[in-house]
Every structure is written in structure tokens, then in C-alpha cells.
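What follows is a set of structures to go through.
Across the two complexes that follow, subunit A remains constant while its partner is subunit B and subsequently subunit C.
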Partner chain A sequence: MTPDFDLMVIGAGPAGCQSGLAASRHGLSVLLVDEAADAGGQVDRAPASGLLMKLAEHGENGHELRRRVINSAITLRCGCRVWSVSDGFRVDVAGPSGHEAFSAPRLSAASGAYERVVPFPGWTLPGVIGLAAATTLIKSQGMLPGRRIVLAGCGPLLLLVASKVLAVGGEIAAIADLASPADWLITLPRALRRPPLAIRGVGWAVGIGRSRVPIYFRHGVRTATGRDRIESVEIGPLDRSGAPAAGNTISIEVDALAVGHGLVPGAEIPQLLGAEMIFDRLHGGWIPQVDKFGRTSRPGLYAVGDGAGIRGAEPALLAGELAGLAAARDAGRISAATYDYETKKPLRRRRFYAPFADAMAGMMALRPEQAAGIPAETVVCRCEDVTRESIENAAAAGALDVNQMKHFTRCGMGPCQGRMCGDVAAELFAQSRKVQRDTVGYWTARPPLRPVTLSDLVGSFEYDDIPIPRPPPL
Partner chain B sequence: MTRTHDLVVVGAGVHGSTVALLAARGGLKVALIERDQICRGASGVNAGTLTMQMTRVALIPYAMRAHAMWASARQWLGHDVGVVVCDGLSLAFTEQEEELLTHRAGKRREAGAPIEIVSGQHAVEIEPGLSRQVRTAGWCKVDGYANAYQTGLAFRRALVEAGVVLYEQTAALGIEIVHRGYHVITSKDPIQGRRLVIAGGVWIEPMLAWLGVHLPIKVLVNQLSVTERIAPVMRTQVGVASGLLSLKQYPHGTVVIGGGWQGKGDRVSGHGEIVPDSVVGNVRLACHAIPNLISARLTRSWTGFEAETADALPAVGAIPGFTDAYVCGSVHSGYTSGPYIAKLLADRLLGREPELPLFPIERLLATEDSR
Partner chain C sequence: MPCVCFIASPGDRPSVTGVVDRQAAILAARSYPAATTGAAVRITGEQRGARVVICVDGRLIEAHEGEMVAAALMAAGIYRLRQSPNAGTARGAFCLMGVCQECVIQVAGELRQSCMVSVVAGLEVETLPTTGEA
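This part shows the complex of A and B:
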């Protein structure tokens, strides 16, 4: 069977778009698939159609990226949910035109990241959402998560969400930041390597300062309470490691809480295809082992962007460019000399950005003490209502890795497929077994990559269309 | 050097775990070796179906007794495996399938399975979630399902309580014959026992080859899928005349779709992979049987290895030419019949006469000529 494309790219964020563009520029036929309605990913998420929104400064980057993809020879399929990736490579999608399959000898996984929330009592109440979820709501729908909001957690997303909420006229009751002012200051020299970002960051900070929003450094959420939805947030001091510390707590009346503790790489595709994985706490957790061009241990499989380690949007663009070039090189479309020449600049720029990217990743990485501070009766897996205590009981009952723990508890068996709880649950499980985090492993990746409605999978069919195999012997 | 056990069991699926458990309760000092963890292979990832309507005719007397064991797992195992006993229906949508169903149900009934043939209308009264396109159904009240993923926890607890020495995450790599027993070479320390039971599922073939015994075992790569939790759409265990569907909704709301549609994989790598077209076919058949399934979301598909001998009947009995060495496995729909068949072998080990005959393997051994 002739492959449909030279390269398939899953995920049309900065990394995916750029890997497609670089490969396409060198004559590879490229399929770019994304489940969202438009290219851009989370960083450059497009406003939902019909919404007239003033493009923010960063939105323009997304607009430009989309324009470049549309003007290229790339076949772009949006609104398509990839549910299976198999050997060969074959990609199965469920989308507006039913179930379709595509093939190519090369595959670039650019499926981004998802949010980590370190659980606290009340985190499953309506009105509590993730920081990244809040940016999606604002960027895509022009909607605020509430009228009076507390923002909490760690990392640059806190600043980003604060500036966006203020820009659309929302009220921030308080910001609780795990970091101290000193933690932010030590990133400054590194930030100065990226003047546009540094200026933007300082701009956010100045804007937040001018708004007189109370900022509580080295603070985190203790509990969220409310009857049917969140009504109040209690925040309290943390120590350097992110664990709750002694001191006064503060109760704040709110109707929304946006809270996030960094990002976890969405590395299911390399996992599913059996690529070598490594545990890299700084860059978010389990990531595929890649060479500097994004080649995984599986020939023809590339991994780029936050799904291959949390580094942010600009390094993602560079990683995409490099993997696109590597695909062109591996397909024999460019000479070694062209490859060396064209990869030189992106490699150099990525090295230059690395210290800042790592500083930001460091502010978002999960600290073991954060997990250690979760109360025993707190739900960790929200799909299946599995508490911290149940996870510890599984360790006591003899479970050796996270997949056995899953069988013992149902932790991670719900419709989020273990994305929301996986990182923290594994951390808690490793701590209760008193072993290194990487020895307890990671969830075995299985299709569907995202939950898919059976109607989208089966399409319209007649009974006679079902290729029922021959019955086994009687 | 470790001490010598009375019995070493290689492979901790339902078969190996049950033999080990009952032998230990019968007074033997037992070691159980498992390269992964207790019941995490086929025994932990199968569809949990406990039906007579997919069982080989020759196995019906065993499966009936095994069903009773599953239904009383809390008593004899001491721990819950989430067993639900319910009606089972096997559906025919076409005339041809009606013939197949009637023929197969008749044979199984003769063997002791209380299967009744009912009209499509009657089947809908038994299972209101059923498609109105059912022409005829086999109805059996000895049916139901277990929660396969809970098997490991339940057996592990029972094994620990019975004093079985567990060697998990310990791969058996070879077997040596020593004075008065066997020496299992593993990825960790060697383990020695006076008696040996090989219960390695699809790996029985390479394990027996260590002893120079050649028993060909075919590997079936069965696919399964599960939906998210949904409101009740069915109350019975549903299959089809050909046996290529198993469908049930668990008390917590998920629906497991199985039936033995084939994925890809091999026992050398131990890796199985779904075939997308097979998932689509299997899910279409499920939605054809229970139409309200269509709006559920699929959350996971996976594979499990099933072992099959040349005549598709079990390999359970003494290993010819070796004293005190046995094999136990390759039981079709082995999850259903497994505990009872393993109990028969445990009885043999404990010097009791098994209630029903074992399945001696001489008939399956490749001769020098055929190799």
C-alpha cells in the first residue's frame, strides 16, 4: 500500500505547525491534524468563529502561524480527533467526515501538554478551573471563569491569566503564588536573554501591580468550600518546597478559582508506539528520549514541543523546525550539507533560549513536597473518586507499579484517561512505596488517544457491513 | 541458595494462582513465580465473562462448576472479584445465525448448560436494552461476569494469607532437573521445588521447551474496549451466535466490549496492539446489539493473549517423562473455567482423585517426525 503522505503531524500548535512547514518547504507531502477547530494549539488558540475579538499581542502570532500553514502545501485537517496511532505509521481519526485512516512512513508527535493541579479539599467543586483552562476560556470564548476570581498555583501562567483577566475587566480578589519574589528575581537575568518575553512579563507584572490586586507570595490554596459551587477559598503560607507551612490563613469570598501547578507533557503517542521514555522532573515528567533534532528511539517517529518536555512556545517552534528538517533529511529530500546549514541557526537559538525555558519549567515542575501535603481523604482521581488514602492502601496491599495500583483502585480509569491525576498519583504512590519516582512507571498508553463517541467511530453502517470473523470451534 | 519448596508454580494467572492457593491450603509449601504481577496478563485484562454460551462443549461440565466457584468467590477465595450472576443472551440476527445458534445451544444443553431458545420478542422482555432486530436468542441463567482487573488484588490477598511465597517481577528463564525436584532459573535467585507446575498461559510452549517437550500453542490476540460510565443501557451479559461478542454493563456504569476480535502481537515481545478496523467492527456489532450504546464514549481499547492448543482443548496434566511435573493452561474461555480446572490439578497434587478428568497432553505433543 502506498503511504498517503511523507509525514503526518499530530497537533497544530507552534511545534506541529512548524515541523509541518519545514518539511513541506523541502517538498514532503504533509498531513497536519488537530482536534481543535483551527490551527494554533493552546498558545495561539483561535477565537471561536463568530466571535469578534480584538487580537491580543500574542494572538497575532497565532494568526500569522495559521496564515503560513494555510498558504503552504500542507493538508490541514482540523476538528479531527486522532484516536489511534499504530505501527507503520497509521493514524485513525474520528471527525466531521466520520472515521478515516491515513498513513505515512514518518510521524511527528506534537500533542502538547496538559495541566497539573495538585489536589486540595474542594478542588472538584464547580467554579474551580485550571489556569490553562482559564486562558482557553478567555482566548477562545472571550469569557471569564467568574466575576470575582482567586488565581493560585505557580509559574508564568499565573501572570498570563492575571493580565488576561484584568484586560477584559475581570476582578481578581487575590493571587496566591507558590514562588517568592526572590524566585522570580533570579529568573530575571535569564529572562533578559529573551527581551520581548521579558518586556511582556514585566508588562504583566506592572499591570498587575497597578491594579492593586493583593499578591500573596509563598502561598497556596488550603481548601475551597461552597455548597453547590465554590463560595470561598482559604489560602495559607507555604515553605520553600511548596508544602503547607505554619502561619495565618486567609479566607476569601469568590465565585471562581483558577489554579494550576504547571504542565505535564502529553507524551501518549511516543508511549503508544513503544519509544524509549525517560523521567525528567524539570521538564514535566515522562518524556520521550529524543536526539537534538527530535528523533525518538522509534525510526520515523519525532516528538516536538511541550509533549517532549515543557519548554514553552518559542523553543517549541524551534524544535518543530528541527524535526521538520530531520524528516526531510531522513526522507532523503535534502543533502547533509543543506541539513547542517539549515539546522545550525535553530539549534543555536534553542541553546540560547534554554536557560530561560528551564527557569520557567523549574517554577512549574512538581515538587515532591507538594504532593506530600495533600490530606489523606482528598480525592486525587476525580473521575473515579480515588483518594490519596486509597492510593497508599494499594501500595500497602502490594501494588508495585502505577498500572497495578490502577487495577487495585480504579485510579486513572475514567474518561480523562488518567491525565488529570496521573502525575500526582504516581508521585504519591512512589512516596508511599518509598521508591524513586521512575521505578513506579507510567500509565500504559492505549487507544483511543482521546475518548471518542461510539457514533463517531462506527459511522452509519448496515449489519452486513460488519466483517464478523469465523466462529471458533464448538 | 534458597530453601526447597514442596511445589513451585510458574505463572501467576488464574490457573497458577488457584493451584498455588489450594495446594498451600492443602499443606504444601508453595512458591509462585510471575514475571509481571499476580493476574496482570490475560487473567487481569480479559472481559470477565462467565458464560456457558461461548464455552467449548467438552468444557461445559467444568465451566458449570467453575461458574459456581466464581459466584461464591467471597467464600472460598475470601475476597471479592466483583462477580455478578445474571441472565445471558446469545443473539441471532439472520436466518443463518439462527441455525448456528440452535445447533450450538443444543449441543451445549446436552452437555449440561441450561440454555433455552427464545424468540426475539421474548429476548427483548429479558433484556429491554436489546435491538428489535433480534430474531432468536439463546437464554441461559448460568451466566454473568467478574471484574477481571480486580482478580489480581483478590488472589494476591488470598495467596499471602495462605502463606504462598510470591516472586513477582521475577521472570523464569529456564528449568533444570535436580535431585528430587526442579530448579527454576529466574531473573533473580533460582527457586527450587520438589514438584513443578507450569502455568504460563501462551508461554507454556517456550517453558515446556526448556524440558525438551514440544507442545505447540497458538497465540490469540483478543481485543477489548470499555466505555466511560453511562446510565444503565443493559442488565444481562450479551453475546452473539458466532461467539464474537461479549457485552455487559458493570454496576459502576462502564460497558466492556469483547468477543475475541483479533489484534496484533506476539509472545516473544509480549506486546499486543489493537487493529483499528477490528475495534470498529467489534463496536459496530455491540451497537447493533444494544443500540443505546451509540452515544457512549470509548475510553480504552487493549489486547490480551489467549492460548490455544491444536484441538482447542486444555493442556492440564502430568508432563510425560518427568516425575512430579505438571502443566495447566490453554483453556478456551479460560477465565470462566480456570478456577475449577486448576482445582482439579491441585487435587491431583494433594493426592486426591479429581472429580472430573484432567486433559492429558500426550495427544498434543509434536512427535519427532512432525517437527
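This part shows the complex of A and C:
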């Protein structure tokens, strides 16, 4: 069977779009698949149809990226969930027109990241959402998550959400930041290597300072309480490592809490295809081992963007460009000289961005003490209501790696497929076994990569169209 | 329960008064109580999709065409969407990017992540029923 494309790209965020664009520019036929309704990924997410955002700086990058993809020769398939990826490579998607399968000798995994939320009692209450969810609401829906909001967690997303909420006149009851002002300040020299971002960051900080919103540095959420939804949040002091510390707690009435503790790479596709994986705490957790152009240990498989380690949007664009060029080179479409020439600049720019990207990743990386501070009866796995205690009991009962722990407890067995709890659950499990984090491994990735309904796979058909062979004569 | 729904004019200010009056009358009679606290807030001044009515658990709420269903529900003050299967605790939309599966409800008769479906006029949505304790 001849392959349908030269390169398939899964995920149409900055990394995926750019890897498709670079490969397409050199004559490769490219399929770009994304489950969202539009290209752009989470960072450059398109506003909901009909919503014309007036907010400054909104979505300009996204518009530009979408325009370039649409004007290219790339075949873009949005609203399509990739539920299986297999050797060779074959990609199975469930989309608006039912089930479809595509093939190509090369595959670029650009499936991005999802948010880590370190559990606390009450984090499952309706009205508690991720910081990334809050940015989605604001950027793509033109909505604030509530009338009176508490923001908590760590990293640049906290600053971003706070400044966006204030920019549109929302009420923030308090901000609880795991970091101290000193933690932010030490990133400044590296941030200054990227003046536009540094200026924007300082602008956000000044805006938040002016707003007189109470900011509690080195604080985190202790509990969220409410009957059927969040009604109040208790925040309390943390120590340097992010563990709860002694001191007064503050109780605040709210109707929404946005909380997030960094990002976790979504690396299921390289995992599923058996690529070599490494544990890299700074860059979010388990990531595929890649060369500097994004080639994984599996020939023809590339991994780019936050799914290959949390580095942010601009390094993701560069990684995409490099992997697209590598695909063109591996397909024999460009000469070694062209390849060397075209990769030189993105490689240099990425080296230049690396210190800043790593400084931000450092603010978002999971500190072991954060997990250690979770109370025993707190639900860690939301889908199956598995508590920290049960995870520890599994370790005591002899489970050796996270997959055995999953079998013992059902942790990670629910519909989110372990994405929401996986990183923290593995951390807790490694701690209770008193071993290094990488020795407990990662969930085995299996299709379906995303939950799909049977009707999505079957699509619509007429019974009369089903070929039924004539029965043999008796 | 079947719903009769009317499409209002685009933008924030209704202009086709006849249709809108009927719609308002139905809303007054059958809608969720207007959310004054405890709801997501639509940022004013943004131009949105046409104002439409969708049906949630047999009651009507206003929403804008193209909005994600999960967001429209939050804006109507409907945060609780389902309960967890084991402990039976209340759950609502959490990640809003198609990962966590907490916002899965019945949309037009099928189980869907409400953060991955857009509002269209007359859409019928049902939150998942409470079963047993909790």
C-alpha cells in the first residue's frame, strides 16, 4: 500500500504547525491532525466562532500561524481525535466524518502538554479549575471563571491569568504563589535575554501590584470547601520546598478557584510506539529521548514541542522547524548542505532561548515535597476516587511500578487515562517505596489514546450497504 | 423533554422584538434562576455569536452560538455536571481542554465532553443524574 502522506503531524499547536510547514516547504506531503476545532493548540487557541476578541495582544500569533497553515499545501484535519497510532506509521482518527485511517513513513508527535494540579482536599469540587482552563475561558470564550476568584499555584501561568483577569476588570480575591519574590527575581537575568517577554512579564507584575490584589507569596491552597460547588478556599504558608509550613491560614469566600502547578508533557505517542523515554524533572516528567533535531530512537518518529519537554511556545516553534527539516532530510528531499544551512539559525536561536525556557520550567517543575504534603485521605486520581493512602497501601502491599500500583488501586484507570493524576501519583508512589522516581516507570500507553465512542468509530451507514457474503450451500 | 427554541438577533441587543419577547417569556417561565453570584462572567464589550437558547435538564438558558457548552453552563451558574462514580462527589468542568473528562454529559443524546462541543440554537443537554448516596 502506498502511504497517504510523506509526513503526518499530530497536534496543531506551534510545534506541530511549524514542523508541518517546514516539511511542506520542501515538498513533503503533510497531514496535520488536531482534535480542536481550529489550529493553534492551547497557547494560540482560536477564539470560539462568532467571538471577536478586542483584548490587546490576543491571538495575533495564533492568527498568523493559522494563516500560514491554510496558505500552505498542508492537509489540515481539525476536530479529529487520534485514538490509535501504530507502526509503519498508521494513524486512526475519529472525526466529523466517522473513522478514518492515514499512513505515512514519518510521524511527528506534537501533542503538547496538560496541566499538573497537585491535589488538596476539595480540589474535585465544581468551580475549581486549572489555570490553563482559566486561560482557555478568558482567551477563547471571553469569560471569567467566576465573579470572585482565587488564583493559586506556581509559574508564569499564574502571572498570565492574574493579569488577564485584571485587564478585563474581574475581581481576584487573592493570589497564592508557591514562589517567593526572590524566586521570581532570580529568573530576571535570564528573562532579560528575551526583552519582549521580560517587558511583558514586568508589565503583568506591575499591573497586579497596582491593582492592590493581595498576593500571598510562598502560600498554597490547603483546602477548598463547599457543598456541590466551591464556596471557600483556605490558603496557608509553604516552606521553600513547597510543603505546608506552620503559620496562620486565611479563609476566603469565592465562587471559583483556578489552580495549577506547571505542565506535564503529553508523551503517549512516543511511549506507545516504544521510543526510548527519559525522566526529566525540570522539563515536566517523562519525555522521549530526542536528538537536537527532534528525532526519537524510532526511525521516522519525531517529537516536538511541550510534549517532548516543557519549554514554551517559542522554543516549540523552533523545535517544529528543526523536525520538519529533519523529516525532509530523512526523506531525501533536501541535500546535506541545505539541511545544515537551514537548521543553523533555529539551532542557534533555540540555544539562546534555552536559559529562559529552563528558568520558567524550573518554576513549574514538580518539587517532591509538594507531593509529600498531600493529606492521606485526599483524592489523587479524580476519575476513580483513589486517595493518597490507597497509593501508599499499594506500595506496602508489594506493587513495584506504577502499572502494578494501577492494578492494585485503579489509580489512573478512569476515562482521563491517568493524565490528570499520573505525575503526582508516580511521585507519591516512588516516595512511599523510597526509590528514585524513574524506577517506578510510567503508565503503559495503549490505544485508544483518547476515549472515543463506538458511534464515532462506526459513523453512519445503511444496513443495506453492509456486504454480507452469500452463505455456502448446505 | 422537547424544547422549542428561538434564535435572537446577533450581538448583545435583541432587535427582533416579537421573537425575543416570546423567548423572554419562555425564559422567565422555565429558566434556571438568573445567576447573580457563582457563575462565570461573560466579559462585556466582546462581540459574540448570535444569542440563542439551549435546553439544560428541561430548562432553558441563554447562550451564544459557538461558545463551548461547558462555558455556557458555567455562565448560567451550572457548575455541577455529574458525580464521581465511586465516592459520588460532585464534579464539574476542570481542564477545559479535552483531557480530564470531568465535563462529560449528555449532549444531543450522546455522552460528550461539554468542553469540546459548541453551542447551537436549541441544543439539548442533560447533566448526569445523581445516583444513590453522597
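Rule of thumb we're sticking to: the second predicted complex is superposed on the first by the 457 of 474 C-alpha atoms of A that agree within 3 Å, B and C clash if a C-alpha of one lies under 4 Å from a C-alpha of the other, contacts with A are read in each partner's own complex, and residues count from 1 in each chain.
As a working rule, a residue touches a chain if its C-beta (ideal position, glycine included) is under 8 Å from a C-beta of that chain, and two chains touch if they have at least 3 such contacts.
Not measured: the values here are computed from a predicted model.
Colleague: Determine, under the contact definition given at the top, whether A:Pro415 touches first (subunit B), second (subunit C), both, or neither.
Modeller: A:Pro415 contacts both subunit B and subunit C.
Colleague: In the superposed arrangement, which partner chain does A:Pro447 touch: subunit B (first), subunit C (second), both, or neither?
Modeller: First partner only.
Colleague: Using the superposition on chain A described above, determine whether A:Ala179 touches subunit B (first), subunit C (second), both, or neither.
Modeller: It touches nothing on subunit B or subunit C.
Colleague: In the superposed arrangement, does A:Gly274 touch subunit B (first), subunit C (second), both or neither?
Modeller: Touch partner of A:Gly274: subunit B, not subunit C.
Colleague: Check whether A:Asp87 is in contact with subunit B, with subunit C, with both or with neither, and answer first, second, both or neither.
Modeller: A:Asp87 contacts subunit B only, not subunit C.
Colleague: May I ask you to decide whether A:Ser455 touches subunit B, subunit C, both, or neither, giving the answer as first, second, both or neither?
Modeller: Both subunit B and subunit C are touched by A:Ser455.
Colleague: Go through subunit A and flag every residue that touches subunit B in one model and subunit C in the other.
Modeller: On subunit A, the residues that contact subunit B in one structure and subunit C in the other are 414-415, 451, 453, 455.
Colleague: Note which residues of subunit A are touching subunit C in the complex, please.
Modeller: Residues in contact with subunit C: 35-37, 42, 48-54, 114-115, 124-130, 132-133, 136-138, 140-148, 168-170, 227-229, 255-256, 379, 382-385, 414-416, 419-420, 450-451, 453, 455.
Colleague: Taking the touch rule as given, give the residues of subunit C at its contact with subunit A in the complex, in rising order.
Modeller: Those residues of subunit C that touch subunit A are 10, 37-43, 45-50, 64-68, 71, 74-75, 79-81, 84-87, 89-102, 104, 110-111, 116, 118.
Colleague: Give every residue of subunit B touching subunit A within the complex, in rising order.
Modeller: Going by the criterion above, the answer is residues 37, 40, 44, 56-57, 93-94, 100, 104, 107, 133, 149-150, 152-153, 156-157, 160, 168-169, 227-229, 240-244, 252, 254, 260-262, 264, 271, 273-277, 279-281, 283-288, 293-302, 312, 332.
Colleague: Write out the stretch or stretches of subunit A touching subunit B in their complex.
Modeller: Residues in contact with subunit B: 83-84, 86-87, 90, 92, 99, 101, 274, 397-401, 403-404, 406-408, 410, 413-415, 417, 446-448, 451-455, 457-458, 461, 463, 465-474.
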